[in-house]
Amino acid sequence: MLDVNKIRADFPILHQQVNGHPLVYLDNGATAQKPRRVIDALVHYYERDNSNVHRGLHALSMRATDAYEGARARIAKFINAADPAEVIFTRGTTESINLVAHSWGHAHLKPGDVVLTTEIEHHSNLIPWQQAARASGATLKYVPFLGGDAEGGLDLAALDTLLTPQVKLFAFTHISNTLGTINPAAELCRRARAVGAVTVIDAAQSVGHMPLDVRALGCDFLAFSGHKMCGPTGIGVLYGRRALLDKLAPDETGGGIVVSVTYEGATWKPAPERFEAGTPNVADAIALGAACDYLDSIGRDQIAAHDAVLAQVAMEKLSTLPGIRIIGPRTGAARSGLVSFAFEGVHAHDIVTFADEDGVALRGGHHCNQPLMRKLGLTSTTRASFYLYNTEQEIDALVATLRRTLKFFIG
Amino acid sequence: MSADLTELYQQVILDHNRRPRNRGKLPTANRVAHGDNPSCGDQCSVYLRLDGDRIAEITFDGSGCAISQASASLMTTQLKGKTTADAQKLYDEFHTIVTTGQAPEEISDLGAFAGVHAFPARIKCATLGWHAALNAIKGDPADATTETHKD
Amino acid sequence: MLDVNKIRADFPILHQQVNGHPLVYLDNGATAQKPRRVIDALVHYYERDNSNVHRGLHALSMRATDAYEGARARIAKFINAADPAEVIFTRGTTESINLVAHSWGHAHLKPGDVVLTTEIEHHSNLIPWQQAARASGATLKYVPFLGGDAEGGLDLAALDTLLTPQVKLFAFTHISNTLGTINPAAELCRRARAVGAVTVIDAAQSVGHMPLDVRALGCDFLAFSGHKMCGPTGIGVLYGRRALLDKLAPDETGGGIVVSVTYEGATWKPAPERFEAGTPNVADAIALGAACDYLDSIGRDQIAAHDAVLAQVAMEKLSTLPGIRIIGPRTGAARSGLVSFAFEGVHAHDIVTFADEDGVALRGGHHCNQPLMRKLGLTSTTRASFYLYNTEQEIDALVATLRRTLKFFIG
Amino acid sequence: MSADLTELYQQVILDHNRRPRNRGKLPTANRVAHGDNPSCGDQCSVYLRLDGDRIAEITFDGSGCAISQASASLMTTQLKGKTTADAQKLYDEFHTIVTTGQAPEEISDLGAFAGVHAFPARIKCATLGWHAALNAIKGDPADATTETHKD
């Protein structure tokens, strides 16, 4: 069990009033808050060690380089990568996926090939593949999702038909940011590997919320963002298997990635440098390492259990509200710590505005999932998403504010 | 409920949200335009029958929050029978109302949207239908995406 | 005249000992240090306002969005852009240039076209154009540089011949990071425009060091990094003229940039959103706005004058050292606040290591300018680069440590 | 000068830097390899004449800091006449010296590089020539880029 009071003390932002009420932050699916330790890592860096990395031999530059490469090693450990060189720093999940779609897609995709993804992807794991397919002449196909109690789960029977030898790459989300579905990622990788497809996991919603081991998952690439796992904005990771990275050309080029440059051309350093053109986001990478330390000091297994309990409690309490439709997998199915819901006749944005009046931070909209929304017959949902610092009392506050809103709009 | 929120969700707005006026496609329309609010997913289509420079008929269709739906509904009641020049003038006044909270005396129901100015993120909702209507008048087939406009 | 003592008090990092000596930080060409105000902006954001932007209607999200868009407007003012929408946030100069090379290059370059750049460019304003030329079949040409007293100045006579109507794009640096050359950017833009070429200015070394006005320069694109102008790492800007941006497709795709998405395709929002896929680096963008405030509170004209005096003093004092070769334009020519030099028989890295022993932070190497180094007949130089917090006493410390080093190696 | 720096720039290193041994191309070479230190621009080419598994002759060429040039120079004096197996063994010992600062008793001049361990950023400089030599022995035409190696 998490000592949530102790944890809350680590997060300065939580201790504020919003519109006269204590802040109830239930928008963790969009971004997580930052513990003191992460903020301190930034301050420490800028007050003591700030310097450009890699190309410097003076004390600050060596300290900065050690801290930056130390963060890379720390993150490699966090996801159990075989080699720190498999951790490439990016701006976030979106950039990580674009890097694979551009560099890998450009080198490997051709007409007749199939890129496979699913119907429940975030726009960031959807549009880059539409673009890669268009640029190469490959075909993009989607694994459909199920309805009923397993709503939002992938149709694994359809996968049998879809996973042909023409499939060169299979990109799927670990956890759906709208439905809360937890996909059986290791199984999906195993089956993709069986037909020779490269796998890309969108771990934006999972890496900070549950134990994650890239070697146990057996994926080729895995993308995530620091800001959703208590790290700073502007930093994320592309994990790639070394054997694949060493054969890939860089997407962005410039300083820091080259062995030799003439006016005619350039040769590349190996990974990870090859993929990190320009001055990297040193401070935020270091602070992301601090976020790993923080989460591991709490325990991601504990966090996952805590998230699951809150989601369960939330679903039970929310289902007492008149006219609510809760989206995503029901009892039994694997489900993460977020709950999306909708009411007939009251729009998500009005709900979010009313909740904000009571200090409750929710998200309403299409959650960067427009095609999925359409399939669900909705234009938007309201989403409450939980993390290690949330409490059952906060769920009561959520239910209370929703009840007031419904009363106002529906009577 | 806070005073700001009561101001935002005035009776007239709730009423138009519950019972939208002039909702649905217009079979006789000779102009149509569509508006999107991409950040929140609100949508609004406006159908017009222009008779010279007079708006003979106007309807809307779409989905979105109470503010966007009520605003589009109220707009149709205000624009019907007006000239296109009047429509632009009314929009300018409406824009002033939702951005400053100042409603001129003579303006009646549009003044209900004065509360929007305290919620800057909702200005886009209130103006979505208006942008679509003005585009329809201009005969501009491009989507009226609220984020291209400086509201 | 700058009140340097007062300024130094704003920079926490400067008040430390390195190897038993007060830190003398002369590596500003690589990255600048951060004033308290910039660090505080980060802390304030993470302690009070942190939230995802754009898609949220709760208090934190609105505050974060206002601060993020406020920073965009602040930076637009800093460079006198006509419209905040012309400011696109990137990771830094390198990513900004890659964005133009990819998006603009892909749409506009074809065989027979010429891309023009210069022989003195940083790898980050060189390799992306080599790649764009290769991908499109265009030819890459270089404006040569001069020797003698104007060493490193561009050969403007050669430009007459090179600037033909085949030139579709001309990319050049505002200030050379190795030579200190200040290019006549407005004139270069004017002449490029006369043949219909689009202009890209690498302002990495200039924007934080002198007043800069994109409209007076008359450029189409301009790229810079936050970390070299007292801002945080991981944030930079691509300025682009609105008329050009609105016709450009995004390079990276994903959440936040779309109007409408189906399983078949997507349509883009206008600039700047179109070019900022995924969660942006919110905190660092806000802190970059704070860096603009800070620099303007001092005055960039004042900073430019201060830099120039230090460079002048440094060149005079350095020229007393036996066997020194000072690189870059001499008396009279436009010159920024950095000085590169070399000694026969003592390698830059040994110099930097010795200087570090005395607390003096220098950079030695090819400065991401390998082809230029070769043309200069050098493999590396040592560079001292100045900024608003540096003093003449620090130049004395520099000269003293160099003298000791020369004594050790040469006798 | 600090003790660390005196340790780094030992007399034997300065001597090899000032008067490099076996410097230049080797006309009779049957093996050659090139090494790069991309972060700092140091370069080193090593030329070998292998006679069976014995290094009959060895020279180097390149540019870089005192550490890299002295190390390459000293290396040539140590490897000449050795078998390729001995060369690998010597490199392993050298690597231990520069990463730990511990020089075994019996090793003579190579011990001069023990001071490098206090300057981790310079380990790449000290090993550059060695990487090129081992690649030449292996007949590996690929550049020995120090950043591919875990030093």
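Here the chain labels run A, B, C and D in written order, and each chain numbers its own residues starting at 1.
In this text, contacts are C-beta pairs under 8 Å (C-beta built on N, C-alpha and C of every residue); 3 or more make two chains touch, one makes a residue touch a chain.
The shown structure was predicted, so the numbers you read here are calculated from the model rather than taken from an experiment.
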| item | value |
| --- | --- |
| Those chains which touch chain B and also touch chain A | C |
| Comparison of C-D and B-C (more C-beta pairs in contact) | C-D |
| Chain B and chain C, separation of their C-alpha mean positions in angstrom | 46 |
| Whole-Å gap separating chain A and chain C, where each centre is the average of the chain's CA atoms | 31 |
| Distance between the centres, which are taken as Cα means, of chain D and chain B, whole angstrom | 76 |
| CA centroid of chain C to CA centroid of chain D, Å | 37 |
| Per-residue overlap in chain C, given as positions that touch at least 2 other chains | 19, 55, 57, 258, 260, 349, 353, 364-365, 370 |
| Residues within chain D bordering two or more other chains | 39-40, 122 |
| Contacting residues of chain B [partner chain C, same complex] | 36, 38-40, 120-122, 143, 145, 147-148 |
| Chain C to chain A touching residues, read off their complex | 12-13, 16, 18-19, 23, 25, 27, 30-31, 33-34, 38-39, 42-43, 46-52, 55-61, 91-95, 97-98, 119, 122-128, 130-131, 134, 142, 225, 227, 232-235, 251-256, 258, 260-266, 277-284, 349, 352-353, 355-356, 360-365, 368, 370-371, 374 |
| Touch list for chain B against partner chain A, complex | 1-2, 4-5, 8-9, 14, 39-43, 63-67, 69, 119, 122, 125 |
| Contacting residues of chain C [partner chain D, same complex] | 19, 346-350, 353-354, 357, 364-366, 370, 373, 379-380, 404, 408-409 |
| Complex contact set, residues of chain C against chain B | 54-55, 57, 62, 65-66, 258-260, 267, 269-270, 273 |
